[in-house]
């Protein structure tokens, strides 16, 4: 595919007896929102971990933006424009919301071997933090340490940090988890807006959101991609219904 | 069975609950609803004795429990599925299940390992994995199982379906319905309004540390403005 | 008049704390016997614990000198502490009388007119064993010491007078507690004797394990007195019986001063004095003799120095004078560990091997 | 060759002895995740009480029987008065508090027992040597230490992997709050386990008494070595602690025994002896650094 | 939130600074001149403690081997000036290094060598984390300790003495008061540098690594490098402190590197309040002053010092600094 931003070829990853990725191939086109769904333990998070470099695959190949990144360390991939959010909230508890986001911004402003100037008064960083904070609706909590945020607020921050660095691709691992019903609606709005700016790979169990947002969907079962296609195709796929969706077919397209 | 009366709770200097009251009766399913950060989980933590309350009273089965340590409250028969899973990372799946298992209320047919594994077969072939090696969803299942294995009379679920695949989520709702049918009381926090309205008879909506609305499923379903105002849907 | 202040920096804490305690108690005894005086001059003894840390000792010395106006100091147990403290204080017109540590540096190149050692030069107690072992006909001795310069110095002292062959020379880790490997190697080397320098707990461990391996009955052990003082012996008991060790003093030395000292010490503290206590006592008596001659005047150091150099006091060792580098010239004995009639473990004098023995560093010292 | 076998045996024996000493620490540090620098103090308490009672009664067995509860009680008291209040705080607060405890206990023993080392001897019925490899007589007491060490290790292993209590302790270490919320009386459990840990320390102390010097501060010299053992083995794992102990014992012993000979092949005798002695002193630390550089979580990492 | 610009925190820092500035004068007037050396030692240990706190309190790297760098700094000064005195080179390969007497040369050299060894030790140690990191730093420090114990050329366990204090840009360092002010200046400079550092971009990264290194990596930070640089800076700070202590006591021995010394520096940080910049200064002062004065009153001073430490842990939130300044933020 010519306009493929991220291309994964026959990835394999095994944890002892568990084959978490089995000959997994995946193409994410530039600008699309690609959803990755599948039962619990199917290997979605493991796939994301391999994409962003936290786990190294046993075999296979990953190409991002024309470069082979299969064995590249995680921070290099992030610098190339790959950002992720974690399924299990992973923010800096002792730092405030603002500082959390500043760090995310800083990561993309060249190196941080600057020992003298106050980070907080760095206009470049400051200017980027405000919109990031606004996007996830945390302005009113700017100076609260992340530890005192509620679970849902932490989830918002989690997504905010992934966004702050203006990445080329966003790997979102269950961003809806923990968002209240209201938050979910807002998050959907946010992702809809983001779709126009950035390529997104979305792992999610909220089928309403997935079918509303995704351009294409890949279904993973036992580490293997069993189907890939438009939401319409996936919804009709008998295998997918049996393995994953059950009768919970989203009513609204 | 459970009576929460005007409780106030603080974290350090910031007050989070401002006089929350609610009740759960024998065999009843009650929900706590509200946007993020409104104090639902804090209410649960207060009930469990994980965060001490500053004012108010909590009574379980006619006994004041608001000064008891968490383990004593749990032993009275309250089971918790906490927010964010909180499984024991350094125990295997099997150990997670049996380490705290108990039948203190002498339930006639206590849960056994086989029972819970039949609800979540996915866990069966993970028994010797450590908690931190599980996928997010698997951890969530484990958290539910762990609470069930204490054979509680009141089960508290704080976002227990977070991160579960649709099929599994359905399983959980079915399991809860079954529990309810067996006379268990349940206090549940979840974002799946549709499922909640089917399962629960009474709902409490919280905002900024207060319960601002109480009612039954019919009332909640019928009031779009209410849902839009407090839940954002 | 104001009592003359004497500053005692010594080690009271840490495992080695009992050494400082002995020195202090011996010193204090001399003062108590005179009712708060030394040589008829009222004195005040200031004691502080250096915790075996050179810098702390340095700090205490500074306080003694600057705040308390101390002109006479004593008490340091360990050589490294002495090396850190002594050169600095003697340059500040303070007299230092060592009641234990006698490092070669301070005897040789680093000697100073204000520094006196009333105990021994470190090598002395090894030299005597070297001589004794040679005279007793040992031909193949195995050597053991911790791996640090003092360990090598002590073995060097032994080798200076030992003329036989060396079956093995082993340096162990400082503070080592298990000697099974060394003992096995030692047994395999089949020596006819063992000389070791392992101060403090290391020595206890070694001796116990040596006895448990059954070797104390077949291969005799020798060493300087440091592992055989009366307080350590209570921790080793039978395992040390029969060991010959070198010392400049023993509680059974037959001279009036010593008989009087041992009896008084036992009465005051309820235990047999160790050589450290005898050194503390002698240090006090030496200072007392000098104070007396100087008429209690510590401002003119010349008088005091000259008086000390004369060493005009009844030492518990019988005979005592200073060499040119202001270290002892004295008899040095071989003692043997025994169990006395009362069931106490103690030392008994075997013989005086060296008469009027000085030290080899006199040459290096520029004092005349 | 015989010498080599003997040294190998010495190494194994030192390893087991180290394991006995680290057993209590494995429990407290490895599994409860409490950094207890004062662990050596309980070792010392065990040795002192054991030595005193043995001296008074003349019975080593009574000495042990007195030392164990003394160490356990002291441990539980410390847990209740001090450590219990620190679990919720930073891990490092434990370092500060237990550092204070070391000072306190060391000085207290000096006040109570005086400054000189205490005597403790091998009981007569263990005083001899056994020659189970011809030509290599071995002190029976050391063999007894080995036996006790293996037994303690086995018991601990069973306790932790086979009983629910073991799981609950680990659960408490993994997530204290949840363990409580699921009905474990974590406070009492921790007090008991801490007491068990210090009891084992006391046992090690009293067993070491006849071999080593019983003196104030004896705990610290052993403390670091036992930390090394546990860290090499992998924190939280009993099998790891055993493996670490044996490895440390072997490396240390063989290093001391044979490094000089080996180095003499390359350097002049005096020079070789010097380097060998220095290297032997450092061998344990070199071993630990090497293990951690290659396997940052130890040899047999526990999952946490 | 503060209406007045003076709050408890600024007040207490100002008071502390005033005390330290005025000390030599006051001590002279009070006829207690020895206090100047005592406080000089406190300043030096404070410097070492602050440097440890940089990596411990802000970077989350708990080292039990910090005294190694302290010792290296001290040894570099002593060895170089020894050779300077004798006019012999220290080594001739790979380049010839001669001795020297001037602090202007020696102290940067001390800092350089400590930083260089910190770079090596750090590069190896930072592969581990948590308790393992504590122990591996301890291991390296103990190796150095045993190395110097058996290093006969430089006194081994007996240590070596400095013939006299170094010369330093026209100052007379033999004069305790001048030396004291030099130490004070060094500490103040290092504190100021640290203050800027923890609030800089680099400081943010370090604090991020302390909290969640994995997340830092996924944000795009090569965390290893940042932590290593922090480790090296801390080592350099300790090296400077070592150079000063060598001059103050005019003596250095391997005891300076023993793990108990690392433990003491760690205790100073914790006692004063880790993650605060002034805390370690207070901690050093408290520990050394108590040691100094308790031991005058009773030889069993540790029976009191031990429980004192425990009481501080139990009742002070962020060490003594937290008690005095009443802060619970971690912004130094």
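Order as written gives the chain letters A, B, C, D and E; numbering starts at 1 within each chain.
The working rule: contacts are C-beta pairs under 8 Å (C-beta built on N, C-alpha and C of every residue); 3 or more make two chains touch, one makes a residue touch a chain.
Since this is a predicted model, take the numbers as computed values, not measurements.
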| item | value |
| --- | --- |
| For chain B and chain D, chains touching each | none |
| Furthest chain, CA centroid comparison against chain B | C |
| Inter-centroid spacing, chain C versus chain B (mean Cα positions, whole Å) | 74 |
| Gap in Å, rounded to a whole number, between the CA centres of chain E and chain B | 50 |
| Whole-Å separation of chain centres (CA-atom averages), chain A against chain C | 74 |
| Intercentroid distance (Cα basis), chain B paired with chain A, Å | 28 |
| Interface hub residues of chain B, defined as touching at least two other chains | 133 |
| Residues of chain D engaged with two or more neighbouring chains | 106-107, 110, 274, 277-278, 281 |
| Junction residues of chain E, two or more chains touched | 146, 149-150, 152, 301-302 |
| All chain pairs that touch each other | A-B, A-E, B-D, C-D, C-E, D-E |
| Chain D partner contacts - residues on chain B that touch it in the complex | 48-50, 69-75, 79-80, 82, 86-91, 95-96, 98-100, 102, 104, 130-133, 146-147, 150 |
| Residues on chain E engaged by chain A in the complex (per definition of touch) | 193, 196-197, 199-205, 207-208, 210-212, 214-223, 226, 229, 330 |
| Of chain D, residues touching chain E in the complex | 29, 35, 37, 82, 85-86, 89-90, 92-93, 95-97, 99-108, 110-111, 220, 224, 227-228, 231, 235, 274, 277-278, 281-282, 285-286, 288-289, 292-293, 296-298 |
| Touching residues on chain C, where the partner in the complex is chain D | 12-15, 17-18, 21, 147, 169-175, 177-178, 180-182, 184-185, 188, 200-201, 204-205, 208-209, 212-214, 231-232, 234-239 |
| Residues on chain E engaged by chain C in the complex (per definition of touch) | 31-34, 37-38, 41, 146, 149-150, 152, 155-159, 161, 245, 248-251, 253, 255, 291-292, 295-296, 299, 301-302 |
